[in-house]
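By letter and in written order, the chains are A, B and C; residue numbering begins at 1 in each of them.
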């Protein structure tokens, strides 16, 4: 990051309630309290790191209002309502410097078919393909080597990163962000077993990605057999996640990396699936349900439930079972001894 | 889907044995019985949804010959030998409308090396790369941004979707379908540990994909160390699957999403691996074996076996163990009580 | 592989200590002892295959110095210090024939922005994108359809295979090899839950890939929230692996296929994670620690530990628990019987 902020710049962005100390350093990076060096800004986002503040070498430190220590020489403490939020505002500023809004227009190396519709304020980057009948909305940005298929629709203010794909007839609403390599609209995985062979069941439905969804690098969302696969408004999906055909994911869900959801399953609003969770097909995950990492879900999950393990069971039970499993060698030994004792005493 | 069929069109495609009722609606979509609306076609593919037929609002319903109910006003019932098969025929027709066969030829933005051989009836879409010595067979379609490396061979009637890669010297036989982002021929993962460093073992074998294989989005198949990695005829692979070097997968297998198969393992014909299954290296999975989702296979699997769990054991045993595990807290409690009682009575 | 070596060529490359027999065949391929055919070279890399040597039909066999058998007619035995190493030298030769070093220069279809810096000896292949401020070092090779973003840096002697992506400001040091479809620098997965919605936390850090790292097909490495995500020197990563934001991976580690590492976790030098291992966030994996396939790591791991299972526990304990779990049905039966007997005798 080739960024540089003066202490005054930082104050103008973070709006501290109290200011302690001062520094002559320019801020050229952000780091955690421990590894931070002079010229970097650090912050106290969680009480558990409070002990690291007195020793940090950061030139500027964002702290909560109730922090009581004093800065070292040539160090600036900024006490703010919410250090994480203040840092986020700073990062937004850095983001704008690093990835400035591209100029509208179609790069000369892009291949935009006649019959595609690209808004005047949209940006089609180098070596993108936009096929006939596709629509790209206002201010949307196809960064580079993006593919938007025949009849697909990309809404307004979307950002499709390098190598992402939106296959034919699929729809992204507004402010959707696809990380690099995302595939929207691959065929659902459906075959009928006929005469010793798997015959393909045509997959002629689509994918609908609602407003404000973000999808992580190299994740895949299959098109429906018919009708549509849906990812609801505000849902965030991490990298390498698989969403099967006809899945319907609700609003504001969190799917961590490498989750897999089999066909026709419904996931309720605000559900959270940990990394590598697998969900069988044709299930219903209730609103606000949570599953721990690597859980294997093979039955419906009630709203608000917190589950874990394979097969997934209530979290507290699973934690207890996991502990007791480690005591199985001991239990078997004790049982063998007890059984022998009984046998002996009753003989 | 901007499709539209008259009731007469639908009958011409689905060839009903009996017709009940009539509708004036055009069919503009397909949906499940429950959510279907007027203007949509629904079908009864599984007896468990039979109760939903009387209330469906679909304008046209495909039903099995033994269905006994009557349609509502402005509703058409078509009784056919196999509703799923009839629907499939309709979907094939939709598929042809949505993705018409592209015209043969090489898009002006594609990069086809001198010394590559492209059949006259093949289609090389925008921004594809075909390197020297590569061969593309009759009627095959490289859709867009596809890479076919030096000396690789793509057979007849293949469809390589956007961003798929066939690396140097790898071979696809006929009617192979690669979903977007598939990688065929990445290097196998092999190193020798020499003097504190992992030295790369050259991976100079190839990948052979037999006839009628389909591979899901962003899946990866590694080239062999030497000789070849093979995916057998008619096998179907879902999204985000990893096939290691020198793996040999038989004919007509099913590998669900996110399966990983380590190097040099052999998978027999008609095997079925559920989602997220992991298979260790140098194993033999027998013909027709089945593994449940997330199973972890660390030993050879006999033909026809059905296994589950990590480490994978026979399915029925695993199901029973899974139930008993949940009773471990109770068992420990009962055991502690019994042990105390014995101790007391014997003291 | 269209390769062909005379027996004399093979001897010149493998430098045998002893030579037995002779063959008139040219070597046109490499195969395992069992399936090898005349015209192929086989080798004995592991003592367990020693019994297969007498029956192999390979024309040339690489054997350890202590091998005592005799070749068949028209068969050449080459006894070498280390058959695997000798084979590796042969494979390096094949590699050079199959993938000759490309000529330096920028392909006319590539899109290299003004303000990007490409070394004179580097090769930018067809349909690559190099954005402004990016630097490509001496002898590095962007094969085809590669993306290198604004301000990113690729060191010397790197090989970026088709469709790989290095996002803005990320850094590859020297001799880094990215297999096809790798994504370096996708956004970290970070949101704050505000007023019922997940607000994106800007991810403005970078990724640093140190010398001699290799990353497998379609793997993803997220950029840091701030500061950087690091993959240490000599570490090898297999296909479809996810490395979260702010993760720091040490030197000479092995991450097998489909591993997932959550944000801010540190992995020590020489650690080995088996296929599909999942690691929770903010953990420390000690130097030289090993985890078996599918392990789920939810706590810190001491240096040198060998762990297995979900949740991961010491390997030997996990193996024992796994065996005892299968005896749970028997244990419950025995316990029920014992309990009944006690009850009866004490009543």
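Here is the rule we use: a residue touches a chain if its C-beta (ideal position, glycine included) is under 8 Å from a C-beta of that chain, and two chains touch if they have at least 3 such contacts.
For clarity, every value in this text was computed on a predicted model and none was experimentally measured.
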| item | value |
| --- | --- |
| Same-residue or different-residue interface between subunit A and subunit C, half as cut-off | different |
| Turn needed to bring subunit A onto subunit B - CA fit, degrees, nearest 5 | 120 |
| Between subunit C and subunit A, distance of the C-alpha-averaged centres to the nearest whole Å | 25 |
| For subunit C, residues contacting two or more additional chains | 109, 127, 145, 163, 181, 218, 240, 258, 276, 294, 310, 325, 331, 335, 338, 342 |
| Contact footprint of subunit B on subunit C as seen in their complex | 1-2, 29-32, 35, 84-85, 87-88, 91-92, 94-95, 98-99, 107, 109, 125-127, 144-145, 161-163, 179-181, 212, 214, 216-218, 234, 236, 238-240, 252, 254, 256-258, 275-276, 293-294, 309-310, 322, 325-326, 328-329, 331-332, 335, 338-339, 342, 346 |
| Of subunit B, residues touching subunit C in the complex | 109, 111, 127, 129, 131, 145, 147, 149-151, 163, 165, 167-169, 181, 183, 186-187, 189, 191-192, 196-206, 218, 220, 222, 225-227, 240, 242, 244, 258, 260, 262, 276, 278, 280, 294, 296, 298, 310-311, 313, 317, 320-321, 324-325, 327, 331, 334-335, 338, 341-342, 345 |
